[in-house]
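Consider the two complexes below, in which subunit A is the common component and subunit B and subunit C are the respective partners.
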Partner chain A sequence: MNRYLKLVNFEFNRFFKLYVVLVIVTIIMQIIAVIVESRRYMQEAENVIYGEMMSKADFIKNYEAFTMQRIVQSNWFYWSIAFCAVILLIYVFFIWYRDWLGKNSFIYRLLMLPTARLNLYFAKATAILIFVFGLVALQLFLFSIETQLVKWMIPAEFRVDLPMSEYIRFNYLSIILPSSIFDFFIFYGIGIIAVFIMFTAILFERCYRLKGIIFGISYGLVSFGFFLMPLLINTFVLKNYFFPLELFVMEVIVCIIILLGAIWIGNYLLKYKIRV
Partner chain B sequence: MKRMILQGGIPVIEVKNVTKKFGRKEVLKGVSFTAEKGQITCLIGINGVGKTTIMQAIMSLIPINSGEIFIDGSKLTKDSYEKIIFIPDTITMPPQMRIGDAFAFMDDFYQSWNQKRAEELLEFFKLEETERISELSKGNTAKVNMLLGLALDVDYLLMDEPFSGIDIFSREEIANVFTSHLIEDRGVIITTHEINDIEHLIDKVVLIDNGVVLKEFNVEEVREKEGKSVIDVLREVYES
Partner chain C sequence: MDWKLFIKIQNQGLMGGARMKKYLKILVVLIITVIMIGTHNIRTSFASQTMPEYVIKKISGDEKELQDLIIYGEYNVGNIYHSFKILNGKTINLNHESIIRKITELPSQFEMIMEEHKNFLRKKVLIPENFFEDKTWLAYAEYQLENSFNGMTNRNEFLIEVLNKETDETVAFEVAIPDSENYYVININDVQLMNGRLKVLTNNYRGDGSEEAHLYVFDIKEKKLIRDNVILKNSEEIENGKWTSFSINNNSPSLKPSEYALILLQSVQEEMNENTKEVETKILASEFYVYNFEKEVLEKVNTGEQGVVEKASLHNSTLFLQNQIDSRLEVVPYDIETGTWHEKLLFNVPQTSGNTDNDHIHTDPFITVLNGKIYIIHAIDDGYSIFIGDLSNGQSLYEGKIVAKNKKINRHDDKTYFRLIESKS
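Entry: the complex of A and B
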């Protein structure tokens, strides 16, 4: 346990500098989103109100009041989220490959540590989860800052202060910031399983190299097929025989099996098949 | 069950009928030999005969196709890494690390890490803790690599080509390690092409060619009984 935590700390520190850059870029992009969108709205309001001699009330009626929804739907905001997602997705691969790449073969050292090799697997997965949840926490914090900024930039009569749950409800943010604990477990549970499947697929490649790419992709497809199996059987074979709750329970069981399977195969590969 | 293969009570590494294929190519074809604690065993052979593969197989860094490897009568487990260490010919620490960070890492993970010895070695090799690994010369990188292995209180050291591609002065410094107290009582398996540098230090030679052990002999015995040097025996075997 102790060595596992040390490995987590080590993995975290290895990505920390890049992570800080990621955080700074996210903050800058989102602040830009707030400034650009707020100014654009106020410019539009000014043009319409003074140019077309429209009252403020009519303007708000015709053009809608400013809400945070406008910011979260802006390109700057969208790309800040996409940027983080892409970097973390790349890092899911790089967190393994960096140990093999280059002249400095750190993988020798990692595999020769006097600890269960599965700890490497868990430590890397934990580091990824910490990075993900760190960014989610940052986003929640940023929303409060951005809301305040909007209040400074948009007069009260032009805006409607929506609660966060409202402006994230109908877009991609509802996946990152689920509105209920139930959704949270579903979205992040599936996300965690996906990370473990990718880790195991990477290990297939690291163990069998060229052939391993085929094994890894096949393994990923089989896992995905297994995940969809209850839904497909219910829809096409049993013609909606099960109640939604029964289907849900079946999916949960299937997910647990997929997760345990990924860990078991990953452990087997690390213990018996891995090569430096 | 612990397999008692201690020869005359001496702990050993026993490699038994190990085969290893890379694709269709069989790199190791039933390799067997033993390396005793307190002795320096040298694996000799031209490039590509499987010397490094044997080292990696002993450390479970590659899977083998068949055969068995025992360390003091037991198969390798995670705890074995506290008593056997492999020093490959490439640095095993991230390049951005400073030597001091590498020490801290080793101290964190190995109970057998001996900080006092690490500092002694640092002085021995004339290195500084603040130096960054990526900025070291090839010779100094090899020294750091060796240092990280030697500073562990382990029973066995596996060294892969410790003299490969480094200048004569660094080579001398590394060779000096073998005559120092840093090695005594430990079992060492070493692969090298530079047999001249350490011929006088090695106790045993395992001659490997084309994935098989051609000859395994005790250097002292051959020297005393047959009056031959290691080079003489090598010449004999390769020319026959």
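Entry: the complex of A and C
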């Protein structure tokens, strides 16, 4: 356990500098989003109110009041989220490959540590999860900052202060921050399983190199196929024999099997097949 | 003190400090993450947030009328919409329900059957129109229409399944209908089982836009179709925004046995209102027919004295015609068995409420008839009034007020629409 925690800390610190950069870029992009959207709205309001001699009340009626919805749907905001997602996705691969590609094969030292090699696997996965949840937390924190900024930039009569749950519904944010806790566990549970599958696929490549790429991709496809299996069989073979609730329970069981499979295969590869 | 020991202790302290420092970054990130996500989840789980809570305050009548009554509605501010239901004094925000919950929730009519005859419901489309249930029987009919482009797999058949609840025996069969190629959609409106015959009332649509009402009669023992009666035809097509259509039992789908079906034939004129730029529909004429499942005859209800009737509903063997005249709702009961009209029942339903602007949806009252009772919800100055009346004598069973409590967004242009009332039992 202690060794595992040390490894987690080690992995965390290795990415920390880049992570801080990622956090800063996100903050900057989102604040730009707030400023750009707020100014654009106020500019429009000014043009219409002074240019077309429309009263404030009529303007709000015709053009809608300013809400956080405008900000989260803006390009700057969207790309800040996409940027984080892409960087973390790349890091899922890089967290393994840096050990091989770095100077004097660092993986050699890691594999020689007097601890189960599976700890390495778990430590890397844990680090990824911490980074993901850290960014989710950052987003929650940024929402409160952004709401405050909007309050400063847009006069009260032009805006409606929505609760957070309102502007994260109906768009991509509802996947990152679902409105029900149950969904939160389901979404992130599936995400965690996907990370484990990718890890095991990477290990396939690291063990068998060129051939391993094919193994890795086929392994990923098999896992995905296994995940879809209950749904496909129910639809095409059994003609909707099962009720949705029963299918859900089956999916949960299938997901647990896939997760255990990924860990078991990963462990086997690390223990017996890994090449330095 | 021994110097060596001192240095050792100091070093240890130093090392301990260094270790803490080593973990500082990850600990800070972890603590912030846990606090932020934790409080977020607690916040979303506790409050329904934007949605107010609806409280029904009794003015007169019996609270029991509200028991197991599900009132569905929509809450809207600006471009925010929330669906909710009110059940036994609780407001449930349907938007905050888990996706899994939404997928796995059963229509309320099927909850009991799911517990007792789970296997019967397998491989079936769970809509009340396709089912029939009485003390001993549970029946299902489905029309399957599959036309592949190459014509290789044509499936045009009824799937029939009947369960005897006492003996636990099921009879299932598939029957193709002879002239199926004439129709491109066949909708099932009602299923009745009587004397070993399964009677399926359908709406058949032809390719040219005309509609037909059919009664398909199946013999359960012989496992075959014995009759296909065309009950009603409607051949008129759309012309200058004028069209006719008919609907069967449209406002109260149920599994329960019923002797009659109500068929409403309406001609409607669609017109563009020049002022509001909205399409308005005007009912030009409406005809009511009552279909007797037992005798298999269609009877036209002579509504001559009643003028143009907007809505009608059926409860047992009584037909209720509804008409809104100014601020009153007229309900005229018609006894199908004796063919007589009963005395008009009058209910107070103001069309517009004082403080609202010209938003017509907001002020439209919600009226529905369910199990021989009429439910009327309309906007009043400080909320909504709810009225439950007994249609057998026109008397009030319950009167109350629906008040929105704990409004989270203080805007005055928020609206609540009520759209459906269901009884859980």
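Definition applied: the second predicted complex is superposed on the first by the 274 of 276 C-alpha atoms of A that agree within 3 Å, B and C clash if a C-alpha of one lies under 4 Å from a C-alpha of the other, contacts with A are read in each partner's own complex, and residues count from 1 in each chain.
The definition used in the following text is that a contact is a pair of C-beta atoms (placed from the backbone, for glycine too) under 8 Å apart; a residue touches a chain by one contact, two chains touch by 3 or more.
These figures come from a predicted structure and were not determined experimentally.
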Clash-or-fit label for the pair subunit B, subunit C on subunit A: fit
Partner chain in contact with A:Leu162 - subunit B first, subunit C second, else both or neither: second
Partner chain(s) touched by A:Tyr97 [first = subunit B, second = subunit C, both, neither]: neither
Touching partner for A:Trp264 - first (subunit B), second (subunit C), both, neither: neither
Partner chain(s) touched by A:Ala137 [first = subunit B, second = subunit C, both, neither]: second
Centroid geometry (CA): angle subunit B/subunit A/subunit C, rounded to a multiple of 10 degrees: 150
First, second, both or neither for A:Ala116, with subunit B first and subunit C second: first
Which of subunit B and subunit C A:Phe12 touches, first, second, both or neither: second
Comparison of subunit B and subunit C by subunit A residues contacted: C
Partner chain(s) touched by A:Tyr172 [first = subunit B, second = subunit C, both, neither]: neither
After fitting on chain A: smallest Cα gap, subunit B-subunit C, Å: 10
Parts of subunit A lying in touch with subunit B, wherever the complex brings them together: 3, 6, 10, 14, 102-106, 108-109, 111-117, 207, 272-276
Contact footprint of subunit A on subunit B as seen in their complex: 56, 59-63, 78-82, 85-86, 88, 90-95, 105, 108-111, 133-134
Interface residues, subunit A side, partner subunit C - complex: 8-9, 12-13, 16, 64-65, 67, 69, 130, 133-134, 136-138, 140-141, 160-166, 169, 177-184, 186, 238-245, 248
Subunit A contact footprint on subunit C (complex, rising order): 22-23, 25-26, 29-30, 32-33, 35-37, 40-41, 44-45, 49-50, 77-80, 95-101, 103-104, 114, 121-123, 408-409, 411
